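After this come two complexes, each holding subunit A, first together with subunit B and then together with subunit C.
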Partner chain A sequence: MSKTLSAKSHSLPAKVWAGYALLALALLVAPFIVGQVGGNAWVRILDFALLYIMLALGLNIVVGFAGLLDLGYIAFYAVGAYLYALLASAHFDYHVSAWIILPIGALLACFFGAMLGAPTLKLRGDYLAVVTLGFGEIVRLFMNNLDRPFNLTNGPQGISGIDPVSVAGYGLNKGITLFGQHFPSSYAYYYLFLVCMLLVVFVCIRLENSRLGRAWVAIREDEIAAQAMGINTRNVKLLAFALGASFGGVAGGLFSGFQGFVSPESFTLMESVMVLCMVVLGGMGHIPGVILGAILLTITPEVLREVINPLQRSLFGRSVVDPENLRMVLFGLALVLVMLFRPAGLWPSQRRREELEDDA
Partner chain B sequence: MSDVLLRAEKIGKVFGGLKALHDVSLTIPRNCIYGLIGPNGAGKTTLFNVITGLYKADGGTLELNGKSLIGCKPHTIVRCGVARTFQNIRLFGHMTAQENVMVARHTHLKAGVFGAIFRPPAVRREEAACRAEALRLLQYVGIGSQANRVARELSYGDQRRLEIARALATEPQLLALDEPAAGMNPTERETLKNLLLQIRNDGTTLLLIEHDVKLVLGICDQLSVLNFGQCIAQGTPEQVRRDPAVISAYLGSSAA
Partner chain C sequence: MDIFVQQLFNGIILGSIYALIALGYTMVYGILGLINFAHGEVVMIGAMVTITLLRILVEMNTGLPAAALVALAITTALPLCALLGFTLERVAYRPLRNAPRLSPLITAIGLSIILQNLAMIIWGRNYAPFPPILDTTPWKILGAAITPLQVVIVILAVAIMAGLWLLIGRTRKGRAMRAVAQNPNAARLMGVNVDGIISLTFVLGSSLGCIAGVMVAANYGQAHATMGFMLGLKAFAAAVLGGIGNLAGAMIGGLLLGLIESFGAGYIGDLTGGFLGSQYQDVFAFLVLILVLVFRPSGLMGERVAERA
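Our next item is the complex of A and B:
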């Protein structure tokens, strides 16, 4: 935190620039390579990885920076997704542009974030986790049951036929045609999500290195001392909740447009836990770590899904365990191992690693 | 402006059945070092916590520059001009020394969410100024060379001084120090003494809790002595030193 970004960029050696250039190139061609190797399904997985990066970075503001444990984060994703679904589908026959809905979604999620934050400000740790968990479930149950008395969310069936996101009048669902070859919509959405993800990363880095970022870390380290330094801990914590939620809201809207369908099933507690795992596993409060966590936790289960069944067949001649169950077992095992051997996450910030070593 | 900076009258604080503070009154004049002494458990830190808003007084009045502080939250009291350090050092251990001081500049910076994200020239200037001010304060307390070291790696004496620098960064009128010399060796104490005198000479009033009687009598302009939550003596170090009630509190009643 002691060096600002601007200070760094003035003295970037050529090697680092080359690294960035390579990374940019890799990000640009990634869907084509992945698509060549694994087919369109894997490009979709790549898209989801980008969405999860946005979610994990949003949650990282609350959990990683400000140190507030939130187990209901997926509720904000749901709010963003449903807002998009309601305003851009045949359900109410509104067809508002995505570029209007996404900012509204961010604001609405912000509002929900503050609503969740306000009553829970005095809670810490486990207690906060329980309340946020309840909040996440309440939002999901509302989505599930608001088909009566007036059909707002279409209940468990969800809302389908959602308009795709269009960029400059061009619907991304049409895919892209390059060099006479046609690529499906997942390729087009990849670039939209990539831009959004980079924006989120940028915002996170800027926030981290600001007066607010310092205040969040101060609260995480010692709330009483933070107060004694003139920080209004109530407002600063609320801000963390609201800002974190807004990222979730935007990601939710994008998800809605990409998927064309939303239902309460996409917003279960398991999803909140997954996003939290991405943050914790990657390295709380460390932006590159969180990104790594999100990518690993999106891609690994899919790899396992592809590998488990053929592996079982070749070993036992038939499928012994349902791949879905085995996947969760392996996943749990991986988490336990990481927590045992790298308790601060796979790629922690220097500061966080020390904090955890102190606690141990 | 009157000569009185802080006026506390009949402050009471009860924890369960224990009267931690009972009708404590004190008046701190501007530009002085005011000492608060007393045996362990006398209520010194409780009074500190009431003044800095960590505890809410059960009764009495508390005014800074004639403005009541009763019922104010700690962060508001900081904005009013009272900063503090803690008896058991409470630094942000994993931030660097400079970052610790920068955190305390919080109320003097304006950047909000959009300022932080878009970082317009005004915010850049503000951040640069904050960084420079933090470094200046570290040099002022004599630990400028430690600016980029993580706070918890600093030596004990340096941590104490970092706490002072951090408190000064809020630009207080009253700086309340809770046992700043605790655990320091004689050389460190001497430097600390000079630092405190320097701070007073630069126009900040100090409220000092200290066990080191030599230090307190040496630098304080005025003193209050607490015992069992009550103020038993007040005055200049000379007066307090001779006060029979003080002698009996410290040495037992038979010595008086």
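Our next item is the complex of A and C:
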């Protein structure tokens, strides 16, 4: 009986399997195709897209599932990144393995998440947003200024010379050699980030369909009703903060190892806002939507960077407007237009779409 | 004692500017329940336009006194900022009034990015200096220095706030604004032109922001295309500190944040035994903000909002 049931629920149509197989193949060869077309810079952008997917999925737990507006999410990314930088660089001359640091980073970020969450549970909506924003700024300001009285973070100069991540004793910074051809480190990191990203996606999907995930959605929809149904809203919200933060911590550690350099510059409020945009623009609470949002918002500015200057030159014969500013203007315009035409995000979940139609 | 009085003055000057900007946030929030993230950029545009006009006026050698020149520049910049606020609401917020709560936040962020970069395209990446036409010889009061300009800033800010208070508390339009803030649908049934009132709110808020921007530029002697971001952030924090949606709260919150910041900068070194220096003044401001909200979750003056069933 149970055998037939499980067999039934697990057998997917051949078409779906074929789709997954194609997707897996595409993910595997992606850096080689991208590298062939756009060069190594674009493979790096691909790596960053994977990091941002992890970040966006982490924030999605807090904002999308539990409905808690967090404007300081990048602080957890910073915590993960700085922990890695302090424990694996010439700064203090510690060289701990990445595989020990990453879990510690996740735990530390988790702890910070709970620390932020605990006093702010009573706050709702925009008050919470301001407190999280303040928290993010505080973390960044400390990193910027903790070079005195003793040099912990090296201040605004940041920490450089960070050890690369090694897998089974093989430093990923050496790149990979395939069929007698050498590929730089961004290719090697791509696969590491891909594995981590898939793990995060898997955890997110499992969470979404768990008792905890349903509790989050219940709180998002109506906190009082959720409480009346016997959900311990305090613990469940804390868990959202802590779990979301831990993803940020891991992504931060990976960023540190990949980049070899961290400075407070990378953790400004604008970064938090960017990750929030990925979540909302893609479709809050909907995992494929959030992934789409993260990819689009990482790649769009870079595509604009590539396109704008040649276009200006061919139109006017010279660079009329600072391409960097023009690029950001167009990017902002894209944000506004997408929201105006698809207020629920590019790829909203079925539930949200229904809600929206209900409201209107 | 000298330091105390000096920091008190600095705090009051800074605080009255924050309060003006915070009013813009809080009025919009009270009516729409929306954080107008682009408000800081309106402040910046106000400052930049005024400086540009002032430069042109100074070059024209009109022979008018400095105060008249500044007034002339502001009266030209003010309608521009009001129009900008009006347009922002029309283009980016009105179509999303029934959308999910976070969608207008994203358009606001998008607009903020657009305005900031447009400003950089127009005015460049360098600091725009405020023409040195105003008298900056300080007066000595109780051992602390204060310039005539700073006195004017505080008096003007207080006068504007009093005017706004009267406008909202005593006039027909003000009553309509309060009605819309309480319940837009009921207000509409009573014959209030809700859309018009919302536009008016944006126009008012942007005008206040414009004046505040000019104050900042005149006080520090310069303006920059990215100045709106941090200013907006601080003012928003001030609005929340006082209880967002509450006018008196925004004024008190702004003043308080200004005082906290300047006293924090002045005394943080002594308080922590030299461990933390004045570079932590922002940390101090945010920390106080967080503590206040932990103990008074709806801000200092905020009413406890009834939880919806």
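Definition applied: the second predicted complex is superposed on the first by the 345 of 360 C-alpha atoms of A that agree within 3 Å, B and C clash if a C-alpha of one lies under 4 Å from a C-alpha of the other, contacts with A are read in each partner's own complex, and residues count from 1 in each chain.
Following the convention adopted for this analysis, contacts are C-beta pairs under 8 Å (C-beta built on N, C-alpha and C of every residue); 3 or more make two chains touch, one makes a residue touch a chain.
These figures come from a predicted structure and were not determined experimentally.
Engineer: Answer with clash or fit: subunit B and subunit C placed together on subunit A by superposition.
Structural biologist: In the arrangement built by aligning on subunit A, the partners subunit C and subunit B fit side by side.
Engineer: In the superposed arrangement, does subunit B or subunit C reach more residues of subunit A?
Structural biologist: C
Engineer: Now for A:Glu221: first (subunit B), second (subunit C), both, or neither, which partner does it touch?
Structural biologist: Only subunit B; A:Glu221 stays clear of subunit C.
Engineer: Write the angle, vertex at the C-alpha centre of subunit A, between the C-alpha centres of subunit B and subunit C, to the nearest 10 degrees.
Structural biologist: Taking subunit A as the apex, subunit B and subunit C sit 80 degrees apart.
Engineer: Name the contact category of A:Cys277: first (subunit B only), second (subunit C only), both, or neither.
Structural biologist: Touch partner of A:Cys277: subunit C, not subunit B.
Engineer: Quick one: classify A:Leu326 as touching subunit B (first), subunit C (second), both or neither.
Structural biologist: Once the two structures are laid over each other on A, A:Leu326 reaches subunit C alone.
Engineer: Could you look at A:Leu68 and tell me whether it touches subunit B, subunit C, both or neither (first, second, both, neither)?
Structural biologist: Once the two structures are laid over each other on A, A:Leu68 reaches no partner at all.
Engineer: Given the touch rule stated above, what does A:Leu335 touch, subunit B (first), subunit C (second), both, or neither?
Structural biologist: Once the two structures are laid over each other on A, A:Leu335 reaches subunit C alone.
Engineer: With the superposition applied, I'd like the minimum CA-CA separation between subunit B and subunit C in Å.
Structural biologist: Value for subunit B versus subunit C, nearest C-alpha atoms: 7 Å.
Engineer: Just which bits of subunit A does subunit B share with subunit C as contact spots?
Structural biologist: Correct list for subunit A: 224, 352.
Engineer: Flag every residue of subunit A that touches subunit B in the complex, lowest number first.
Structural biologist: Answer in residue numbers: 1-2, 4, 6, 203, 206-207, 210-215, 217-218, 221-222, 224-233, 239, 243, 351-352, 354-355, 358.
Engineer: In the complex of these two chains, what residues of subunit B are touching subunit A?
Structural biologist: 52, 54, 73-75, 78-79, 83-84, 86, 90-96, 98-99, 102-107, 109, 111-113, 115-119, 123-124, 127, 130, 148, 150, 166-167, 169-170
Engineer: Can you list the residues on subunit A that touch subunit C in the complex?
Structural biologist: 63, 69, 119-120, 122-127, 129-131, 133-135, 137-138, 141-142, 144-145, 148-149, 223-224, 269, 273, 276-277, 280-281, 284, 321-322, 325-326, 328-329, 331-336, 339-340, 343-345, 352, 356, 359-360
Engineer: Quick check: in the complex, which residue numbers of subunit C touch subunit A?
Structural biologist: Per the stated touch rule, the residues are 29, 35, 91-92, 95-96, 98-107, 109-114, 116-118, 120-121, 125, 233, 236-237, 240, 244, 274-275, 277, 279-280, 282-283, 286-287, 289-290, 293-294, 297-299, 307, 309.
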